[in-house]
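You will see chain A twice below: alongside chain B first, and alongside chain C after that.
So, the complex of A and B:
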């Protein structure tokens, strides 16, 4: 398929173009898979290069690919019959997801077959977007790109890795711009920074399977944190004999919290103080496995238990119990997620949790050095909200003339207070590469319709590498594009590059580029014939594992300073914009299966809701289904109330995902978007949006509504449907493992 | 099964658990669902939508109880939470689907024998025989039968969403009852394949869509008549046996985790649940 044109380039720049920066030795030992994966009960898993297999009547054929529903990078097998992809399952060979998927992964087919895709390029003419040909669209775009200089060009994407990241970097280089912003609302940016600073490794491997007790400060690892499917597979091992114990501290019960042995809400934003209090008590009792410097010791001593109880609202007895569990049930693992990180001193809170890890000896036991993919150019450019804020600052300073958005919808996710829409109005030319008519596309001057992930090529290197050896996962089309006028992301990028750099002309298309890249991977074992058969095998297997660039953890425990708790008279409550496994950051609101799937905790469907503790609801005089207005200094939203005890009384929790003003029939004009009313507060250290720091007040709106949710009764009403057994009995009968 | 056969052998297909139930089983498909592993994530439920052409009904019809979730995850708050400020022990999750009862209460009430017991131990639903009386639904203690109050073909699958429909099974139309089939199309495919290859079905060579998707492996599916299947072994390990409810105890062995929901109703469910484990020391 690849048509090589004769442009003379030297080997080094050739390799660089393909994303190989010369880590040949590090990659040595990469073996191309040589066997066809034959899964029991599945018809043969074949590669794309047998296109006739698409159409064997009545026979389903499985192709390997990669899930792009979030950035965890799970491997897929897609069942294709008569040229259509029907069903997705996990790729059993992937060390990330071991053949499993989450609900969003299952619903990938409904993103692909979505009735509200953008099917043709659209150019704004006289104020409205009008269908145009690709020729017209690209000539307009190339003209605009030709006229913009250096940093006045910006590109905004989600998390991007693999060869797509190589092409993004190449385009930025061609344009002479350093303004690539990677934006994800649901991210682990603060955790990464803390890991890097305190352990010398930004993404250490977490051994849930080894832990006997996990203390999680709001890390929803079963739902929305780092790599949910992988974590759930590890959780299964953690819960098997000898069964580990899970303690979850968070202001609003997440899916992970729903599975905890002990669930407690600390006063929002005081998770750091709680961690320090536990650390102090552990050391006081001499339970620590690692000694800390006198400096750290002195700082910790400030957190005596009565004081910590006063700050956090967690009783001394509970704090003591948690502290003793961490030492009794070693090895322990302490995690910290969005609700700990989402404050001005979020970094410090997460660092406090990490300090606890160090003290109880988790580092080296349940926290291991990561096994990173050894090619820097292919590593994930992980999205953050700090990048979104930087982008917004740039807009405010009128720093950009042309902005290219790809697979991201910041006009929906950005808080109103960042002034994104206003800033964008001043940008001369805005381009949205997207599959859907989302809010960002609606403001663009040019919309380029992308192929769906199930129609496109790509390679992906997950940021969280789960197994012993890091993998690069291949994304191959599972069918021909449904709409003839869409183009793959790589193809569009390659086209833009060809217009600027002749060297890229040797690749007929992104497919040819990828194939060349993979077969020219330096260090690919010589015994592999770098030919079609090898390529074919790679596509059958769906991934390639490399020898890791294995790091070492080096502990740097430093003192941590968390802020005290401030009460607010005007805004007495905290807004928790909770993340859902399902609608995610709102990107899946256009998928009917996911709208109809009841939220795991609230069980509400097709709408937004505000979770309130019964005590708070009583004070406000509201019942289930009543409409309330949630107002911050930056704006207000209205939604229906759902009352339950799994939320701190000082909190109103509104899930992200709804409140779209565009995005197709299933998403548009449904519910409210809590991200819009967040105050522009940031974590001091990382610049991340402090998602949980916004204070709000709540008032009743005189409108009634019926809360539509699954399940008539909130409890079992004494019926023994879900029976429980004590862990003691479990240990007695099912052993210590 | 022909209607004639049903009429002629009516009593054979209607035998209660205490009478030994349906006799000539070829397989008895069953499950073991471990509530210690289930995290309530909805992967199984969504996989079932994808595999089995389940209609999406939308908010208004959902409110009226017309959702078609063959596999639904119940979330219960603990009764003990009533005396606490917070649900300190988390929530309780329960994957609920048709239990493919050996002595199903839905079967004998169907006036046209649209729901009947198969030699595979399945509680089958013949869509084009169903007249929509909904008696079966009323008589199901598990509330896992779903009625097509509307024709969903166009509303649920606007083009090109319909391209995703699984051609191995039908899209049910208005007036018809439906429910979990244990992914009978997958069973069919596996049986045909085994027959073509002149061998018995091997445990694990296929799974239901829900069991396949479940990230924690909480659902184990297989033939409870195959002595070597994982599901049989789990049933044995937890000392749960098929057949009528005789022990008059809530569980067959109180010390072990296995139980069947509503076993006391004598419906002989084909799904064994394993109790959720709770830490007592916190």
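So, the complex of A and C:
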């Protein structure tokens, strides 16, 4: 015994020994008959009847297409092997994404191969949806459309562009209706309006790469804002020497906030006041590059720093630091996203940020006129929540007899308070064109199964054009439809148009329509082309660039009036329904890869959670994993607590995306949907849903969950796994690349 | 227990080869070749059937008693290979280009059998498939698990093209893993095609030893 005791085996040696033993076992196992798919004669192998010339089994061929996982319009290359698409990557020729994709783009194949696709048309008979043939479905639909007049017909889509937008407009025209609603929960509608009003260009090009400092009021440009993959590329240039500095002001840390050099949570809804305070200080010090009118100057003078500190909760010293950064590190760029725009005075807050841009001389330097695609009919009809609210109002007034939904799921994304479900119950005939049995489809009277984006034809003009010549991106099928009874969106629309206008009958299908239309485009016009060379080249490249309709920026700085901060006794906290690159607005909750990909900040998987500041959690007496009820005036949700310093103490942040009541096996009955409990408050100027304006109270529910997340521990247990430097040392070296 | 015995034998053989190689590296090249041949002849488990083994390959020891797998058409490899002297890669045309060797497309069968042996029942059955526009649903005989990345193309390149091995004798190379197909009707699995078999061959013939070369 004593001899054994003298042999010290530490943990490392023990693991080493175990490792060797394990290796020995593995080698001994090499010759054991394995049972994995090796049994002879169990699997089938079917040869081609007649192979295509260029097909070699086992060798992938890459085809160009367009990503439809969000509306940024990234170009794709898809690897196809033996007639199956296996892998998606970015199209290197695309000026938007330069050969890169985000994880949602990568996961496009899982939407395509999803086991819960709708595979045949379904018509509601005796209260239940029953499979019917396309003939029956379309004759029913055409009959209903024939019986409805003008504005009693409504169509609800997501962002739609290119020739699909042309077909949507054509159908609306044939129906004599002006009620096309484009709905996107994650949008930059307020930003666009401010840019249009103050710069004369709704979508100016943002030169992140030229900026030396970026001050972002909740614009999560690396995750969910405008064109994330493009912005990430520009951000990399911004960060390469000399290293640009990023300051992020937001109530809940986003992916962009996590990357910031300085992350500050202003009191929710006071971003505008902060921007005005910084602007005031910049002018006071004479650091402004552009002079403002006396009117604006007077209005700004009200925002002296102590007052701004009182409103925003950001110390005067920090405000001064930000202001000096903006002037020292020229050119600067100021952005404003959802958490600044999502209030009743959201427009004003974003305008305040834009005013700051004007004052520090960013306009013309880091904000350039956009290069717009010259064909106006093909431009993106961008989705908004203002459209959703207008649609809900219409339902309330019983204004529609037939509603056609396409590629959108407003029954899931609309706040309960908009009364969408109740309103829809009154609509005579509801049609859902969709790939999946989502919440909207479950309420519909007719469900038309659409081909997946990887099986369908289309063209897309991104709303945010990245610079250089603007492009139209071609979406071509990467494989035959998996399910034989689905149809492309364009094909269904063309079918509906043919039944109403003989002119469309010259096109056998949407492919024929698209080919004719594209070959008549200015950049491609080649009517004598007999051998399809132009068309084939276009498909190979996936993109057509056009000479831009060049815009010009004209500054119109005006006074901005932001509301002060109101405390509330009954509802002390703010609900932040945070958007994330991954599940997005909930449309990707049925993709297992995105469910299992940990949230970039909280690292939680497969579930919802509520982020609380440690101080708030302590006051409420809750710990990680405790279930809380988050109640607003419009309803309540229950979810688990995740305690995190990256939220403002007055905030409870619940990510969007979960809480589906339908939408297939991976999404259904998982987590909670914060959008449901939002109060129907809107931005006064644009009518956008004020997503961040809802006040809530939190109560403890006597239940507990084990918080499932990557990296269960917040510390490194004394092991230097990630090397760190002190903030002081970092400050000394920053800017040296 | 049988497996365990064989494993230890094979491991012992592999070890002795390595030791010999280590010694041989110090000697001249002709001596190396000579000794390598001698070692091959001495190893009891490397004894092959009548099919000659190309001199530049050290075949890994290991046999497998494959079952006779009934196929939709009892395709006679013997007739095509032994009697008609058709090259393996005439039909399995993808072997030199891709990871899979490929089952020949039905159009290739019909290229000959539109006119040849049209009175035989098997050819009539094939013609029936062709006229219906279908391919026979063959049963897989040789396979590796999905977590193994095996590519025919690299092996054919190394052992045939890079080695200047005459392409007309390619069945000797194929036979190292597929056995003597020229004596079979439908293919039967004659080699274990498991990791031990692969590793022994890689060790004896200088194949890569990194895990990720195959498991990627």
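Quick note on the criterion: the second predicted complex is superposed on the first by the 652 of 737 C-alpha atoms of A that agree within 3 Å, B and C clash if a C-alpha of one lies under 4 Å from a C-alpha of the other, contacts with A are read in each partner's own complex, and residues count from 1 in each chain.
Going forward, contacts are C-beta pairs under 8 Å (C-beta built on N, C-alpha and C of every residue); 3 or more make two chains touch, one makes a residue touch a chain.
Here the structure is a predicted model, which is why all the values come from computation and not from measurement.
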Between chain B and chain C, whom does A:724 touch in the aligned arrangement: first, second, both, or neither? first
With both complexes overlaid on chain A, does A:286 touch chain B (first), chain C (second), both or neither? neither
Which holds for A:253: it touches chain B only (first), chain C only (second), both, or neither? first
Specify the partner with more touching residues on chain A, choosing between chain B and chain C. B
After superposition on the shared chain, which partner residues are touched by A:621: those of chain B (first), chain C (second), both, or neither? neither
May I ask you to decide whether A:482 touches chain B, chain C, both, or neither, giving the answer as first, second, both or neither? first
Shared contact residues on chain A, chain B side and chain C side combined as an intersection? 40-41
Applying the document's contact rule, which stretches of chain A touch chain B when the two form their complex? 40-41, 81-82, 84-90, 97, 99-103, 105-107, 109-110, 113-115, 222-223, 228-229, 232-233, 235-236, 239-240, 243, 245, 247-248, 253, 255-265, 321, 325, 482, 581-582, 592-598, 600-601, 603, 605-607, 615, 644-646, 665, 706, 708, 710-711, 713-718, 720-730, 732-734
Flag every residue of chain B that touches chain A in the complex, lowest number first. 35-37, 39-43, 45-47, 49-51, 56-59, 62-63, 67, 69, 72-79, 81-82, 84-94, 156, 158-167, 186, 190, 202, 204-207, 209, 212-218, 250-251, 255-257, 259, 261, 273, 275-282
Which residues of chain A touch chain C once you look at their complex with the stated criterion? 27-28, 30-34, 36-38, 40-51, 56-59
Given the complex, residues on chain C that touch chain A span 3-4, 6-7, 10-11, 62, 66-67, 69-70, 94, 97-100, 102-107, 130, 133-141, 143-147, 151, 188-189, 192-197, 199
